[in-house]
Amino acid sequence: QEDHLFKDEPFTPTDWERHRSWRRHCPEPRIFARVFRMLSIVELWLVAVSTFVMLYAHFLQPKGWPQAVSKEYMIIFQLTSFALSLLMVFRTQTAHARWWEARTAVGRWLNVVRNTQRMLMSWVPPSEAHLVGEFARWNAVLTPAACAYLCRRQSYWEVCEDLLQPSELAWLRSCDNPPVKVLAIMSGLVKRTSLSQIERTAVEGELNAFDVALGACERITRQAIPMAYTRHTSRFIIVYLTFLPFALWPYVQWLLVPIIMVLGFLLVGIENIGVQIENPVRVLPMRRFCIGNRTAALSMVRHHGDVQHAIEAGLLAAAAAAAAAESPMAGMDGKGQ
Amino acid sequence: QEDHLFKDEPFTPTDWERHRSWRRHCPEPRIFARVFRMLSIVELWLVAVSTFVMLYAHFLQPKGWPQAVSKEYMIIFQLTSFALSLLMVFRTQTAHARWWEARTAVGRWLNVVRNTQRMLMSWVPPSEAHLVGEFARWNAVLTPAACAYLCRRQSYWEVCEDLLQPSELAWLRSCDNPPVKVLAIMSGLVKRTSLSQIERTAVEGELNAFDVALGACERITRQAIPMAYTRHTSRFIIVYLTFLPFALWPYVQWLLVPIIMVLGFLLVGIENIGVQIENPVRVLPMRRFCIGNRTAALSMVRHHGDVQHAIEAGLLAAAAAAAAAESPMAGMDGKGQ
Amino acid sequence: QEDHLFKDEPFTPTDWERHRSWRRHCPEPRIFARVFRMLSIVELWLVAVSTFVMLYAHFLQPKGWPQAVSKEYMIIFQLTSFALSLLMVFRTQTAHARWWEARTAVGRWLNVVRNTQRMLMSWVPPSEAHLVGEFARWNAVLTPAACAYLCRRQSYWEVCEDLLQPSELAWLRSCDNPPVKVLAIMSGLVKRTSLSQIERTAVEGELNAFDVALGACERITRQAIPMAYTRHTSRFIIVYLTFLPFALWPYVQWLLVPIIMVLGFLLVGIENIGVQIENPVRVLPMRRFCIGNRTAALSMVRHHGDVQHAIEAGLLAAAAAAAAAESPMAGMDGKGQ
Amino acid sequence: QEDHLFKDEPFTPTDWERHRSWRRHCPEPRIFARVFRMLSIVELWLVAVSTFVMLYAHFLQPKGWPQAVSKEYMIIFQLTSFALSLLMVFRTQTAHARWWEARTAVGRWLNVVRNTQRMLMSWVPPSEAHLVGEFARWNAVLTPAACAYLCRRQSYWEVCEDLLQPSELAWLRSCDNPPVKVLAIMSGLVKRTSLSQIERTAVEGELNAFDVALGACERITRQAIPMAYTRHTSRFIIVYLTFLPFALWPYVQWLLVPIIMVLGFLLVGIENIGVQIENPVRVLPMRRFCIGNRTAALSMVRHHGDVQHAIEAGLLAAAAAAAAAESPMAGMDGKGQ
Amino acid sequence: QEDHLFKDEPFTPTDWERHRSWRRHCPEPRIFARVFRMLSIVELWLVAVSTFVMLYAHFLQPKGWPQAVSKEYMIIFQLTSFALSLLMVFRTQTAHARWWEARTAVGRWLNVVRNTQRMLMSWVPPSEAHLVGEFARWNAVLTPAACAYLCRRQSYWEVCEDLLQPSELAWLRSCDNPPVKVLAIMSGLVKRTSLSQIERTAVEGELNAFDVALGACERITRQAIPMAYTRHTSRFIIVYLTFLPFALWPYVQWLLVPIIMVLGFLLVGIENIGVQIENPVRVLPMRRFCIGNRTAALSMVRHHGDVQHAIEAGLLAAAAAAAAAESPMAGMDGKGQ
């Protein structure tokens, strides 16, 4: 299930290179086959209808059976294509907007991880390093907890299993809302530092932003596009394609079956993509985000010493340069307050 | 009335599974019948017109009565379909945007419930636990109060009847704006804690966010899409479908009635969905939100002890690991401030 | 002028009920007559052109006069309808977006009224109740002042005449920017309370939000959609409808005049709605907002005692329940901090 | 150059009145002539091509020269009009979105001017009035400085020449980024007041908002819509109109030249508006904004005394009313804290 | 690679002048050739198919080979063009929205550079000028670091090589996330100043805003538009153009090859632009942003003295004018607090 057909992994520069060359136009039979299999029931139905229409039009109608196949019927499909178009545009744009909103919300999580960690590491005195370490640990757990909660899939806990005591893991897995618990723990840890109220409030503001971003994902995952639209679009497209052969036979004769199959693939294919990405947490690479955010939190703690070192070295060099008064950044000594 | 045809309940993973399989294309006769009954007056009108056109075209026009039915008239429908299309696109997109904005605002309420509760529980000293408990109680009442106010339906109070004294309930039900009252109570409770001004202001900021989200819902519920557009769209679609038979008869002959019925169902159906979801608080699962937000507020208080326990246990384990200096999270001891 | 054809009053539940039933499709002759009168000049022009075309095509062209009427010309209208469509879509969507942005900004005013009042009433000590009362009075005046300023109509002052001293009213009416003055007064009143800087800044932040929302309305009211688009759309639609009869006559013969009238009504009608709502403060129910916001401010002060009473009673009941230890909210005593 | 064809001055109520009457449909020959002159090169090219096509189709093709003009070619224009439509929709919507974003950002400047001035005047003690005066002076200079910087036109300085010492003006005119300098001066002035850190930070937040709004304008002015789209749209439209006569001749015969001219005017006209408003600071009434924002800043200082007076008078009247206990605002004495 | 065909450099006033004149419609053969080369594989394929169709239709079909080329097939392309249109609209709008979002986020960086620097320079006492200088140095390094990280191209470091010690440069180049390190350094420098917590938090808020804007760029660069849409669009367009000759031959005969080439160029060209700007950091002028932001940071420090001087001079002049009491800004002394 993890190698989902509609899952989009992060793009590397190589991916982009291929993406923008003419190679993107090459057929990919393996993917085509999988998509085709996905649409096979609809295709089967369309083939059945087309075959029936061909046989009726060729054998029965000429014998005086009631006229069911006629070039004249095409006007109806021309008149209604605007409505089909509007429903498919609506589905495409709405589904993509949901997908991108979820992606944006998940991307905001990374900002919370980095910002809270940076603020804490700048502001907390060295004597409270153990609190910063604990905070980083829970910061690294936060994204997997949110993913497990959103996707209702326990497998995301694997990403942070080594960071948690077995009892902690068991407790979180049994909670009905683990990320809210983790946020409360992070909030409690900040309260135990010697940060002032104003600093604490600033960190808490970022935790609030995480909750809001989590809420956006919850909202998208729990609330589908109004079913009435989904239903109406599906009905419209199926009715349209089912009756199209009655009008199309006189134009294309024995090519009817392949043409209807191609049309069905192209039209139902568009609707199908919109339906598949409607629940974005299923197609976004959530596991990657878990690993990435975990790495971000832990690596900031690990490199804290380097950053402090860089600050010291820079200040020393600047002082030396100021003393020598022949600094290469001559422009900057004009600030002379 | 609760089992409203356009009400969209939250989706479970099972719902999503069905949603993305080919089963979404299966006809649902029960729903179809209910939608059809909803549109039956319009359908009846269209059948009447079509029947009249058929009779006139078949019996009277050939006898030299004035020509009212002609293939040539089709050009008018082809020329104007772009305008009908634009009105229906406008209705669809605007109605859905309102629906989604209301859903987003209601989702923001949950964030307020969780964020205010988390901040209070982290920041208030244990000696003021009774104030936190009271705050949680009103926090749990806030969403039902907002729903009762927005939907002008007293039944939402049932969700929190057990949390309120009879006198409180009576007072709130008699208020013209209960959620504003509840927000004022929550604000007053925060003022009575020993929180500093900066902390109090941060909590108040979230209460302000609730009021803004509530205002968004009020705005959507009180102000419909400009009636001029609604009216013009309805007139356009009815005129279009009423006169279509005069042009369509020569193309489809005796199939006119079923075809007009299908066309009417598909076109008026699109407009109808847009009208039904235009007032989103009627079709969103507000009762679920009441229950969910109530649970969120109360369960955070209930699990407050667990969170405190997890913080303590984690700090102890970290201290032990630091002492043993062989911690499995070896990377993190490089932070050495 | 107050019973403006495009003015949309707030919807009540009854309005919604009618709105979503089939009754919205019923013709409303009175409104139709008023809209028709609005478009009558254009209609007159179209009737004149159509009549001329009919006479020319029937009497003169057959006699060998130059060919001006031909079925072949229809191709030009088919080719260009996409451009007309795009201009009308643009007008519809832009006008509605402006209308909704203005409505949202005006809705934000109510949030400012409620939030500032709530914050003040929670935070200011009882000894400064007179300052809160004065603040509420100016809070109630704020929205009428903003409406009088935006709509350049003095009649909005009537809403708050009883709240203002004659000298105050005279002074405000003579100001070139009354809402900015009222905001300055409110800001000055807050400064005179004993609120701390942090609390004062929070209130001031909401006053800033009012100014931003006011600025949005000013921007929309002072700056129309680029005239070039408005002009081009009008020219395009008039040229299109003026020359359409030359192509349409051979298709519809003596039905030309009614058909062109209907087409003109439908197409120019769409453009006309877009133009009418382009300046939203003229069609939004501003007087209702004035009254509503006034009521919100004053009623919060009036019910302040009830809120304080509810807080006290709730805390007492909770204390009693905690003492009895058999509270019906058993879950909440598990928080045991 | 100031009377730019696409410049949109602020609308007065009278403008709106004319705008929404039928008069907007009247032709404006003077403006038409100017637009036509703007498009004259394209029109000339289209006339040349049409004339060539007419001559070829009438004289040469019948003599057996290769067939270049045929009714059959029309299908190509029908097939591709959707793509031309999409490019023109894209240009129209994107150009208008940029224009409106710039207008919104410029409108935000006014809010900054008013909000910073109000906060300062409320918060700064009377003894520091000279600092407030200086702040107002620079506040009034801020918008002209931003306009001169954005439009790279020194003439905007005239608006505030009387407010600046010659040496200040000379210095600002020589800066590469004057508004950033003015913001730094305003920030420095605030630092010299006795405002607390929290108040200073709130004012600074509004200055940040000015910088962000300025950045939005810079971004729009420096970065055009991707040239590839502009180029492709222009090429598409020119190719479309250039080859259209080859298909159109058989339909319209000797009316070809006027018809192609009208089509060219309508289609290229739409693209042209999009291009002209793509750089909004050139078509927005920037000089008006300079004057308006200057007036706003200075008049707030000028009327500061009136505001203080209104506050005092109001408090006195309320005290008197409270003493008399029969105030007409009877509802408000129920707050009884 | 730097002279990328789709790279859009900042527009100067001269560029705008040319842009809005008729010259934008002139063909640019050099650019045309480069675009054509880009699409040459697709064009080659289309030429091959068209040639085959021509030969088959002219030589083989008349001899009784199966009918593969027919005017009747055109109906299929007319029916499906709405779906192709919707896919191309989706690609165009989505790609442009990503491009503009990235441009906006990058523009936000400049605001952070200017705002943090201004706040620091206003607030930090002269004795800590060395910290401000160091902050400016890292502020100037921040944008190149972000660009090197986003584009995975080390060449951006050249922009700030002279500002960094070799060891600093080496360390940053080896980091996996250099901008986060630079932000941590800047945060640490602010902590070492004597700024109060509230001031520090305000600066930190802007650093958070940089992180959020960086996150937006990361999100856009790592996550492409859902591949399913890209694939479906490409397949649809190729299938459409590949089979079009079978329907088009009877209409255009021997002009088939050039017409298909032009159609291919126009349609695939639109899709191609959308694909090329899908990853905006590759086509935006990132190097310019690096240089611009570096200049902004350093020049603010360099001109700090001028700003202080301007403040002093202005205050002195105002004091003198107040003393003389005949100031030209007579209106302002009416504030008389």
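Going in written order, the chains are labelled A, B, C, D and E, and every chain counts its residues from 1.
Methods note: a residue touches a chain if its C-beta (ideal position, glycine included) is under 8 Å from a C-beta of that chain, and two chains touch if they have at least 3 such contacts.
Quantities reported herein were computed from a predicted structural model and do not represent experimental measurements.
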Steps needed, at fewest, to go from chain B to chain E via touching chains: 2
Each chain counted as touching chain C and chain D at once: none
Superposing rotation of chain D relative to chain E, computed on C-alpha atoms, to nearest 5°: 70
Between chain D and chain A, distance of the C-alpha-averaged centres to the nearest whole Å: 35
Multi-chain contact sites of chain B, meaning residues that touch two or more partners: 78, 82, 85, 89, 198, 276, 304, 308
Contact graph of the chains (line, ring, star, complete, other): ring
Successive chains along the ring, chain A then chain B then the rest: A, B, C, D, E
Touching residues (chain side chain D, partner chain E) in the complex: 38-39, 41-42, 67, 72-73, 75-76, 78-80, 82-83, 85-87, 89-90, 94, 121, 126, 129-134, 136-138, 152, 162-163, 165, 167-168, 171, 175-177, 180-181, 183-185, 187-192, 197-198, 200-201, 204-205, 207-208, 211-212, 215-216, 218-219, 221-232, 234-236, 238-239, 275-276, 278-279, 282, 298-299, 301-302, 304-305, 308
Interface residues, chain E side, partner chain D - complex: 5-6, 8, 10-11, 13, 15-16, 19-20, 22, 24-25, 27-28, 31, 74, 77-78, 81-82, 84-85, 88-89, 92-93, 96, 99, 103-104, 107-108, 110-111, 114-115, 118-119, 121-123, 196, 198-199, 202, 206, 248, 250-253, 259, 262-263, 266-267, 269-270, 273, 276-277, 283, 296, 299-300, 303-304, 306-308, 310-311, 313-315, 317-319, 322, 328-329, 331-337
